[in-house]
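Quick heads-up: structures coming right below.
In the two assemblies presented below, chain A is common to both, partnered first by chain B and then by chain C.
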Partner chain A sequence: MEPLLYIADLEKQVMDDFHLGPINLKLEPGTITALIGNNGSGKSTLLKTIMNLVKPDHGNIKIDNMFVHGENENWKRLVAYQPQTIIGWDAFTGEMLKKLIAPLYPDWDEALFQKMVELFEVPLGKKFAKLSQGVQQKLNLALTIPRNAPLLILDEPTSFMDIPSKKLLIDLLVEWMESGNRSILIASHQIDDIKKLSDYLFVLHNGKMLGHFEKEELTSTYARYWLRDSLSDTRIPGEVTREDRMIISDNPMETEAYLEAKGIQWSNRSSLELDDIITILLNNKKM
Partner chain B sequence: MELPIKISKDSREPIYHQIVNQFKALIAGGHLTTGTPLPSIRALSKDLEISIITTRRAYQDLEVQGFIQTLQGKGTFVAELADDLKQEVKVSSVHKIMENAIETALNYDYTLEQVKDIFLEILHTYPKGKGDH
Partner chain C sequence: MNNWRYAFEITKLELQKSIYNILLAYLVTGLFMAVFITQLPSYLEEGTAFIDFLFLTVFGLSPLIPKPKSFETQHINYRFIASPMVVMQQHLALNHDTIIKSRLIIHSIYTFPVQLIGLIAIYFATPLFSILSVGSFISFVAMWLSLSFLSGYLVPRLSLGVRGFWVSNSGLSIILIILCVLLFFFIIMVHSLSGHGIVYWSIMIAKELPILVTGVSIILIMISYILWNSKMKKVLNTISYS
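Let's turn to the complex of A and B:
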């Protein structure tokens, strides 16, 4: 299938001290990718570059086979992007913002907008500046998702929202994806977004791409063992960390082959939670 | 629809395989009857916290083996099962669970004779006549 978003060898130097890339990424229609990274890893810069709000120094970005930095701007109607912070909305009410935004999108889904406003209890008559940060995010989502663009890009959309609203949003996005040809790229630190929504994880650390993983493939790469006997100080193949008799491996096959060859028994083997794996990835940075 | 499907991420059995086997048991055991609509791949992926790649693979396997069918634009439904296929699934799933139990006991250094005693002991805790036809 033709990728909806295609990024090749993207690089960007920001000021003197931050370098993003090289980034390579393809998003297939019908999939959800979580963009994960430490604070300051370049997630927002990457999303802005996709939206042509930041010019890359090197590399290409295509949306549905159109270069985003080319003359042709038709790709813009294929993307709905929700930035982390919005400038210029403060003086407007939700109702006014909707009247400005909806006509720009031919596939605008008014029923979905009304449904979201009702579910999230967003007061449409209040000025944006007067809303709490959580309600601002809810209104922002209600003004973004109903655009029904095939590619939805969300930059930490729920950071200020309450727990029930976060759950509501996950259900809304699952339903929104049912049409089949849509994709979501979501930068998030919320473990529930990552667990319940994402098919793939794209992991960034200080501007460097650590990998693009299918979720179960990633989980199956890690295992935790509790050994019956204590170990010598020699590093075991696959070992990532150890604490006394517990070791974590990022190569269970090699680890088990070694343990078996040495006659070391383990009393328990378990898989790791995704947040543990992300922590290991971001702390160890080795691939 | 929430289904009584539970996957174990610690199991050595691949996740898609666990899903396939549990669906088979639900269908062969009559808990999911012919024509019952199944959750979409995306919705089941959310409930089980797995990727659509894994769920799709499970649904494809079930479809190839004749347990479910997908109707274009309508969704996925439980298929009509031949009686001998139902029987086969019943026999093999019960056998598998017994095998696992025996395997666990042997790992704890029980002898086969002791396993047999445990089995009979448990059997006796059930009231007489339960399960008679």
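Let's turn to the complex of A and C:
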């Protein structure tokens, strides 16, 4: 299947002290990818580069086979982007913003917009600048998701939201994805968003790409063992980290084969939670 | 043509929210024009540098007209200025040409109507009426509007974004001081070398060479549109909003 978003060898030097990339990424239609990384890892810069708001030094980005940094700008209708920081909306009310934004997207879903406004209790007659951060974020989402663009890019969509609203949003996004030919790329630090929504995880660390993982596969890759006896200092195959008699492995098959061969028994084996795995990946060190 | 229509559609709300500032811009320009009307007879006889300065300010320094805070070109990031409206438009499904045209529309509405009406008022309310024929007056108008286009398009250009030291507060202050000094120096030089001011000479040139002046002015307007347009496209293709 042709990827909806295709990024190849993307690199960008930001100021003197931050280098993003090289990044390679393909997003298939019908998938949700969580963009994960430590603070300052370049998540927002990557999303802005996809939107042609930041120009890359090297590499290519294609949306539906159109170069984002080329002459043809028709790809813009295929993307709905919710930025983390909203600039330029302050003077307008929600109603005015809708009048401005909706006509730009041929598949604008008015019913979904009204539904979101009602669910999130967004006052459309109030100036954007006078709304709380949480309500601003809700309005921003209500003006982004109904664009019904094939690619939805969300940058920290729930960072200021209350818990019930987060749940509502997750349900809305799941429902929105049901048409099948859409993709979401979501930058988030919220583990619940990542757990409930994502099919794939794209992990960045200080601008470098750590990997693009299928979520279920990633969780099945890691296992935690509690051993009956103390261990020698020798490193066990697959071992990522150890603490007293507990070890974590990113290759359970190799680890178990080694332990069995050495006659080392374990009293318990469990899977790791996704947040533990992400922590291991991001810290890039033994827990 | 379609891009002009889109550009107009997306500027409607901004215009609606800018109405008081547009009226203020018209009022200030109108006041300046009123000064010209009262001072022009004595200016034509004695020639005061102050009138030249005012005239050049109205037609050459329209970038100084204040916009509402939410739309004015301002610091978005460290040493990066842009209009928040442009940043917003860049997030939406709008092509670069439409964004540029929307900035041109906004700038033109702030300046063009009041400048044109002001010049017509000066013509009919001062001795200019007896000095310039209608044809010569048209060339006079074309000359000053071409200056307005040439320098005024700096406003939409800046609104798209500028990065670097020169857009820091210190950089902008230095530029403003240098501009004012150069402007004063230029006005004083013309007065001391020729005995008359810039506005006086523009009237005389329009009177003597109306067709040439009109032609050159129209060419200047076209060149300034093409150059600024191409410059703005280049900016949108290269600048990073980060």
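In the analysis below, the second predicted complex is superposed on the first by the 284 of 287 C-alpha atoms of A that agree within 3 Å, B and C clash if a C-alpha of one lies under 4 Å from a C-alpha of the other, contacts with A are read in each partner's own complex, and residues count from 1 in each chain.
The rule we apply is simple: contacts are C-beta pairs under 8 Å (C-beta built on N, C-alpha and C of every residue); 3 or more make two chains touch, one makes a residue touch a chain.
Here the structure is a predicted model, which is why all the values come from computation and not from measurement.
Once the complexes are laid over each other on chain A, chain B and chain C both fit without any clash. Of the two partner chains, neither chain B nor chain C is touched by A:280.
More residues of chain A lie in touch with C than with the remaining chain of the pair chain B and chain C.
In the superposition on chain A, A:30 makes contact with chain B only, not with chain C.
Residue contacts after overlaying the shared chain place A:14 against chain C, while chain B stays out of touching range. Chain B and chain C, viewed from the C-alpha centre of chain A in the overlaid structures, lie at an angle of 150 degrees when rounded to the nearest 10.
Of the two partner chains placed by the overlay, only chain C lies in contact with A:96; chain B stays clear of it. Measuring only between alpha carbons, the smallest separation of chain B from chain C in this overlay is 28 Å. Once both structures are placed on chain A, no chain A residue is touched by chain B and, in the other complex, by chain C.
Put simply, chain A touches chain C in their complex at residues 14, 45, 48, 51, 53-55, 73, 76-77, 79, 81, 83, 87-92, 96, 99-101, 103-105, 129, 147, 149. Within the complex formed with chain A, the residues of chain B that make contact are 9-10, 15, 40, 42-43, 45-46, 49-54.
Across the complex, chain A meets chain B through its residues 30-31, 170-171, 174, 177-178, 195-200, 214-216, 219, 269-271. On the chain C side of its complex with chain A, the touching residues are 9-10, 13, 17, 68, 70-71, 76, 83-96, 237-242.
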